[in-house]
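Shared between the two complexes below is subunit A, which pairs with subunit B and subunit C, respectively.
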Partner chain A sequence: MTIHDLRTRHGDASDGSADQVGGRLSRVDGPAKITGAAKYAVEQQLEGLAHAVLVESTVPAGKVRAIDTAAAEGAPGVLLVLTPDTIPPLKTASDWFGTPPPDVPYCPLARDIAFSGQHVAAVVAESFEQAVAAAALVKVSYDEAPAVADLSDPKAGDGIAIDMMTKEWGEAEAAFAAAPVRICAAYNTPREYQAPMEPHGLIAAWQGDRLTVWEPSQWLDGMARTYAEWFAIPFENVRLVSPYIGGGFGSKALALSHGAVAASAAKMLGRPVRLVMSRPQTFTGYGGRAATRQTVTLGADRDGKIQSIVHRGVNETSMGGMWVEPLGSVTSVMYATPNFSSKQNVVRVNSVVPGAMRAPGENPSAFGIESAIDELAYEVGIDPLEIRLRNYAEQDPHARKAWSTRQLREAFVAGAEAFGWARRSPAPRSMRDGNQLIGWGVAAGTYPVRRAYGEALVRILADGTVEVESSSIDMGQGTYTILAQTAAETLGVPADNVVVKLGDSRFARAGVTGGSRLAGIMTGAVHKAAGAALDHLVGLAISDPRSPFHALQANTLVVAGGRVSSPRGDGPEVSIAELLASVGADQIEAKGDTMPANSTAEDRYKAYTTIATPLTHTDGDYSRHSWCAHFIEVRVDEDFGTVRVSRVVSALDSGRLYNPKLAESQWKGGIIMGIGQALLEEGIVDRRHGRIVNNNLADYLVPTNADIPDIQTISVGIPDPHSSALGGKGVGELAIVGVAPAIANAVFHATGKRVRDLPITLEKLI
Partner chain B sequence: MRDFSYLRATSPAAAREAAALPGAMLLAGGTTLVDLAKCGVAEPATLVDISHLKGLDTIEVGEQGARLGALAKMSQVAGHEGIKSRFPAVSEALWQAASAQIRNMASIGGNLMQRTRCPYFRDPANFPACNKREPGSGCSAIGGVTRGHAVLGTSEACIAMYPGDLAVALVAFDATVHLGERQLSVDDFFLLPGSTPDKEHAIKPGEMITQISIPASAAARRSTYLKVRDRQSYEFAAASAAVGIELEADGRTIRDLRVALGGVATKPWRARAVEEALKGKVLEEDAVRHASLLAVEGAVDHGANHYKIELAPRVVARAILKTGAMA
Partner chain C sequence: MTSPTTIPIHLTINGHDHSLEVEPRVTLLDALRDRLDLTGTKKGCDQGQCGACTVHVDGERVLACLTLAAQVEGRSITTIEGLAEADGTLHAVQAAFLEQDAFQCGYCTPGQIMSAVACIREGHAGSDDEIREYMAGNLCRCGAYPHIVAAVRQAALEVQS
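Up next is the complex of A and B:
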């Protein structure tokens, strides 16, 4: 059996036709992107466009004493210099849970400095270059205060206990003390950055009290709500437009202060204003992944059976904001253990508030537990794959519910087979090729199935083509494509005849594109809307006296390949266009959503503009997660300590795949990002200045093509009816989870050195 | 806008004349200059564009050696058959530098003028203290993030690393830089920071690099450039070595040896002590590893860059052994 057969046998439940869900249709937005026809947010050409550039704090803590704007205001082309004193106050917006905000003014430019790189002023000019030059003339003086530079700053302290993160069962401490084998180690991950190719930025334009914002967005309705609340205008008065997004990775879900600055400037000037962050500003203008620390202690029998897990986690947050990176999320579900304790603190440091970055929580969590179990495997002398099977969790050990589906055992088996794991020589430093020490490592990953709501509009036009509209988005993951496939399959038309329109808040609404939830939600919504449109079409065809099918007296009709016929094959066969013409309909339109039937308008607004969703992954009878197993080979130069990943085989359970080609591509993207995390990525803080010094893509290293070997992915998922309408589970975040520990485990196998601090750079191995 | 004037030079002589104007800078490929201007480090009053000048981009390789026109592109030199066969270390240094896009734009002369990647040097807004930018203002790097800083050739005023690759190979093979009337060895062209880290090159106002010449040698013909870094591509060296070897007729005794280091020093760093220790010796691993330790004689670390002192001799040793094993 080939790998291709495996793929189609598992997650791909259809026959693989591109016009159906499960087919390998290429990205429908691909040609527009590679030819440059796709217009990104800040590429809009607008009459009278002015350009804003931010001025940032150069100290990490203190107060702005004075801002001297005279030179900037006198500079050529300058239209406006904004400071905390001159920017009109806004209203404080609610948070993403929809918590009503305090009735205090919001100023997007700071007087009180909580981190280096905070926006303190902005210059708006006729040209971008003029704005850049004038921004450099703004002189800001500060009364500096002592700062806490980062998590390991001696002043940082133990932080604040986050009680809601505590998970405990059994007697973890006592069981650990009594266990014959004990492992205890600390694992650290540094600040990491989403580093999207397209930097954050926007164009804001006002028409009266209506605001249009062209801005890359993972959540149009949520961001529109924030803009509306800031400027105290109705939600409907804000239009967010984001048809294409050059990478988000979690960083483009919220309206941020730079957006408030641009929109304020546009309002003051009565002109559209463009503001784009410089690459260095993308390291301080919003948060990357928080630096984390975990201590994992495992108590086990001599045969490797875990008796106790005691886990303590810490992540950094900002002085004023709160970010909790849930570090016990994988720890508490991956392995069966009778005794468990996980607790978490957050520590305030002088940094921008950290944010979501591909699998927040699960990613660092897996680095801890999946490294620790590898350490246990060597301690008890059991193969790292075997020890994982020995501790396999047959149900969710925390929620104590059955898994909806958990093809993790199948992933271990399929991955090990394809990788050739059985040929592994167990001892560290026992495999080599000249100067290269070779290591094989394994680690598992998981991501919960997050569920929420979405709606879609499906419109059958007079010419028989179909339009799908949704305010959800495509940031490269393939939404355009899979929604075209869903509509095509449901309606019985070729996918080529379906035009999907996304990224406009005037369209049918959708919640946040985050937590790998969008595909499951939106295929469900489009399936429902398209089904309603089809019912409408067939209903017309049967009941309208002008229809060629009227005389048939059929209960239903068949639509396939864009043509309508009777199920028995008697009677006429006409195209959809001919049918619509015959009954005099110029279009058929239907909306579908995944909300409960009796939802109110307020319920819907809340569902789409907040993340206060009532659906958790353990609601009802099941615990729902995606699963994966990574098998990775590294080559470590024994003199230089350089690590190169030479082979990756990953077997993944994302349930049913709506489009295997695109799912594989997302998995590979996650794996590549995981390789970067394991070996390269680290925001390096100058403690004296509380500032990231490698704030550019020459010094903050992400992998190049030369760093990435061939990656083999194997789908082992089966349709999961408890996770989504069409049986899929999450794809986008899953595959990064577990890559870093698999590499660290492979490095240990190669070298005998256990690296517990990411990234695994060469000085840690020489 | 920060205004500057732009002059399109009509001849090398006119370019040199214009380059003597206060605040004038020569513009060739622009890959360093435009970058530094964006950082707020380079603030030229006049840009003298020489990119179109004829006759400065030729590459000649013969029995005597190679002559590289200052306007030849990095990628052209890297891919030149004569360079590849007679000076493989030069070609390899270029291929492993920067990215394909930059190599296609950047000129050979401009490559020698490449400035340090010290993050403190490159961020005037946040780090006003930099002796290289503002003599006497102090050094922000000392006591800061130093993972990429030099361990050799540093001073109390500056520890910024020289980031290039090509010049490391040029120094190893005694190349000469031609500045119109004057010629200097590439080794002398690069200055140690000392108390004047703002002066990086021994080029005077009104001078312009026109050519680089590399004398032919058996060691250059049997040479390699080994670059070690965390990322496989598009990263500056953690440590690198240009090595050339000439063996005696016995095929194992070292007659001539050239060793230069990159990624560890404030300028391209010729390791003559390693050369002298091994000349006349039989090429074998223990002796090579032992002698390679001399490459970092006098090295001083600043904490996070300590690994370079461990790494550099290993890179030198591997490069010598690899070159020695070449057919």
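Up next is the complex of A and C:
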């Protein structure tokens, strides 16, 4: 029963105060971050802390023949040198679907080498400096074997067909053959790296058979499960703590071998151990975005109407692991087509297993289809914006369901207007400013609404302040802030009076923070928990004989600004603290979750520690996605081929925004990462040694402040009740999708050169 | 822990004196973070490529990961923890970062703020393009750059007036 009034809000200025959902409240964790008070996971100061440093393989394939640890063991301060022979075997943990693992031992240090940079040994010492110095003394010899360096290695082959990625309808090949206009091109994206500014690492500490891990984490409960399974201890015995996360972008969701090494060392030494990867190690200690290859074939009428899309994709994976980057994801939903075929292979190479990086799948997928439709526009002589509208998908062409909401047309209109698209001169090389060729490009993006489950606990304390607890996390998306707003609005208290506690696996549980799902799930859970707490509070006020409202015989009360009164204003008005004191309650606590009713403990464990039970974005009657349109201007130096992005206008449909100030920041962050992808970012493989040679931040180029112009974002979303409890859709991943093709399309408009191979570097233009 | 390989050093940080016994190879960054519990200064790369470790030495911006602790003996060091006034009043740059939402994860932020304070003091905040150029040594993977420019612009006006 809900006995209080829930108002509908839209995520715009009409919602009023910054304290409420939709308001532009500044980050509540901001003061800690701008004063240096925010302690990130590995910054805990623990008594007796020892320091571990990893030693990595220097060959891409083969076997470790021997490891000579004598010099390292004799070095000053060294406590322990771990090798595959000396680290105690662990149990193999289940994967992220929770698939029961094989009953074989797991060794986090490798004897069999499958990529350069694999962890083969570790040194633990009293100080970080001693551990670094001693790690350099470990001598590893190998029996080297031939390696497959990357996708273009002649030994790579065609790979393995992933049948579950196949999507087909109509007669795609025949329709293409019969189409009057035909486009066929190959689009490539290189290895890319998340490169969060905070490197991966952890502190592990044991007390008996209880393990505490301070580790930056996008998924406390999932990682706690893995640690528990490795060390064969109950899930409850592992505590993951991750109060602030210095960026993740998909890379901090799983417990990885370095974590197993640190936790093993801590157990062996009976001391807390800190292990932080060096920046170069972060390029091979976990996977970035897989390199991809796509062929996009479009058959169309002379008026630009698409008749057929045939799409083939390939991504790299590792020798032992499986990563599928879904390359047909945008291809199959963006445009209406009567005939469609998409298939995908993966190819094994000697690399660390690739992983999730901001919009895995959708991002490279959009580079293919959004470049190809631009090529079609020039082929048939239609404006690139107009051709997108002509092929607008009025429903999900693959699922054949209505969109929950799709404000993409509105995004095209609003973006074009703000950008001044109507003033574009259509021919390539027709706009210039001195020796700079100017190009204007457009592309669309989309990301599915991923939904799952979460819990939150809301506690109203005796002094009238409120605590919210959840094991979900804030890596910069604004979780602390939007959950404070949600609790404040639901309870009718100022956001200042709400303290949100996140990042501790002891709190109410939550699933993975990935796929832009957290905000929708957790605002729903907090809304529910806060609603239950409010029901409880109002119920007490009405029914408890000691309450000042008891005599009123009201059936509801109003709570606003932290004060309780009757709806007609005819009774007393007291603060929440006074009300609680009057009825002798020292606190009110309520838990809320988004799980189906009657869920068992086992269901909950599975929902929060695996990804096996999400709701698909096409469940039920609707297909749910967020949408965007990017309009980008580039300036290309005609002599040198250098490309600068000079203007960006993006219009985005993320549904209702819980906090527009923070959502705009996340959108811009995605756009900026997209500019990096388009112009700068590329993991370069040394084919002789199968090594990433630019494994540092000076050689793997991420955008700097000087690379980024002013960026205008426009929200065109409307509340989407089918996507989340409060009407929001995904924010974090959406905005990167479509940026790279918008830039490639702008570069074509500027220069007449079509670059289908990211990044767009100067040698491809001159 | 004293050992034959350590040396005594005295550092003045945020107006306070600290005595340490460290190996000569200990960087200012690790001295701050691991020995003095001043973890506001961040380690992003440990090789001078990201700017997360930016502090001020005698008022000038310096990368703490490329500076040995022993090198700055007797010099005045300011870190992010020492920027606000003793009563907690934020520096104009800190306040502007909060207002403009010039950060997300916050990991690059102490370095950005220390750089921004120096950038304004150096007289390099005269235009948006100048701010972009003189703040280009501080990477932000969250992509807060346009808001950092807005914050530096705003703080520069306040500091100058």
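In the analysis below, the second predicted complex is superposed on the first by the 751 of 766 C-alpha atoms of A that agree within 3 Å, B and C clash if a C-alpha of one lies under 4 Å from a C-alpha of the other, contacts with A are read in each partner's own complex, and residues count from 1 in each chain.
Keep this in mind: a contact is a pair of C-beta atoms (placed from the backbone, for glycine too) under 8 Å apart; a residue touches a chain by one contact, two chains touch by 3 or more.
From a predicted model like this one, the values you see are computed outputs, not experimental measurements.
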Counting only touches as set out at the top, which of subunit B and subunit C does A:84 meet: first, second, both, neither?
neither
Which superposed partner A:43 touches (first subunit B, second subunit C, both, neither)
second
Can A:761 be said to touch subunit B (first), subunit C (second), both, or neither?
first
If you stack the two complexes on chain A, which partner ends up touching A:679: first (subunit B), second (subunit C), both, or neither?
first
Once chain A of both complexes is superposed, is A:116 in touch with subunit B (first), subunit C (second), both, or neither?
first
Figure out whether A:698 sits in contact with subunit B (first) or subunit C (second), or with both, or with neither.
both
For A:642 in the superposed arrangement: first (subunit B), second (subunit C), both or neither?
first
Could you tell me if A:35 is touching subunit B, subunit C, both of them or neither one (first, second, both, neither)?
second
The chain contacting more residues of subunit A, comparing subunit B with subunit C, is C
Quick one: is A:665 in contact with subunit B, with subunit C, with both, or with neither? Answer first, second, both or neither.
second
Overlap of subunit B and subunit C contacts on subunit A, residues 76, 127, 129, 698, 703-706
As the complex stands, subunit A meets subunit B at residues 58, 75-77, 116, 127, 129-130, 133, 136, 280, 435, 637, 639-642, 644, 679-680, 684-686, 688-689, 691, 693-694, 698-699, 701, 703-707, 759, 761-763, 766
Spell out the part of subunit C that touches subunit A in their complex, as residue ranges.
1, 3, 5, 23, 25-26, 30, 33-34, 37-47, 49-50, 52, 79-81, 83-84, 90, 94, 97-99, 101, 103-110, 113, 128, 131-133, 135-149
Enumerate the contact residues on subunit B facing subunit A in the complex.
1-2, 40, 117, 119-120, 123, 125-127, 143-145, 147-148, 228-235, 238, 306-307, 310-311, 314-315, 317-318
Any idea which subunit A residues touch subunit C in the complex?
26-27, 29-40, 43, 45, 76, 126-129, 194-199, 244-247, 249, 276, 278-279, 475-478, 661-662, 664-666, 668-673, 696-698, 702-706, 708, 710-711
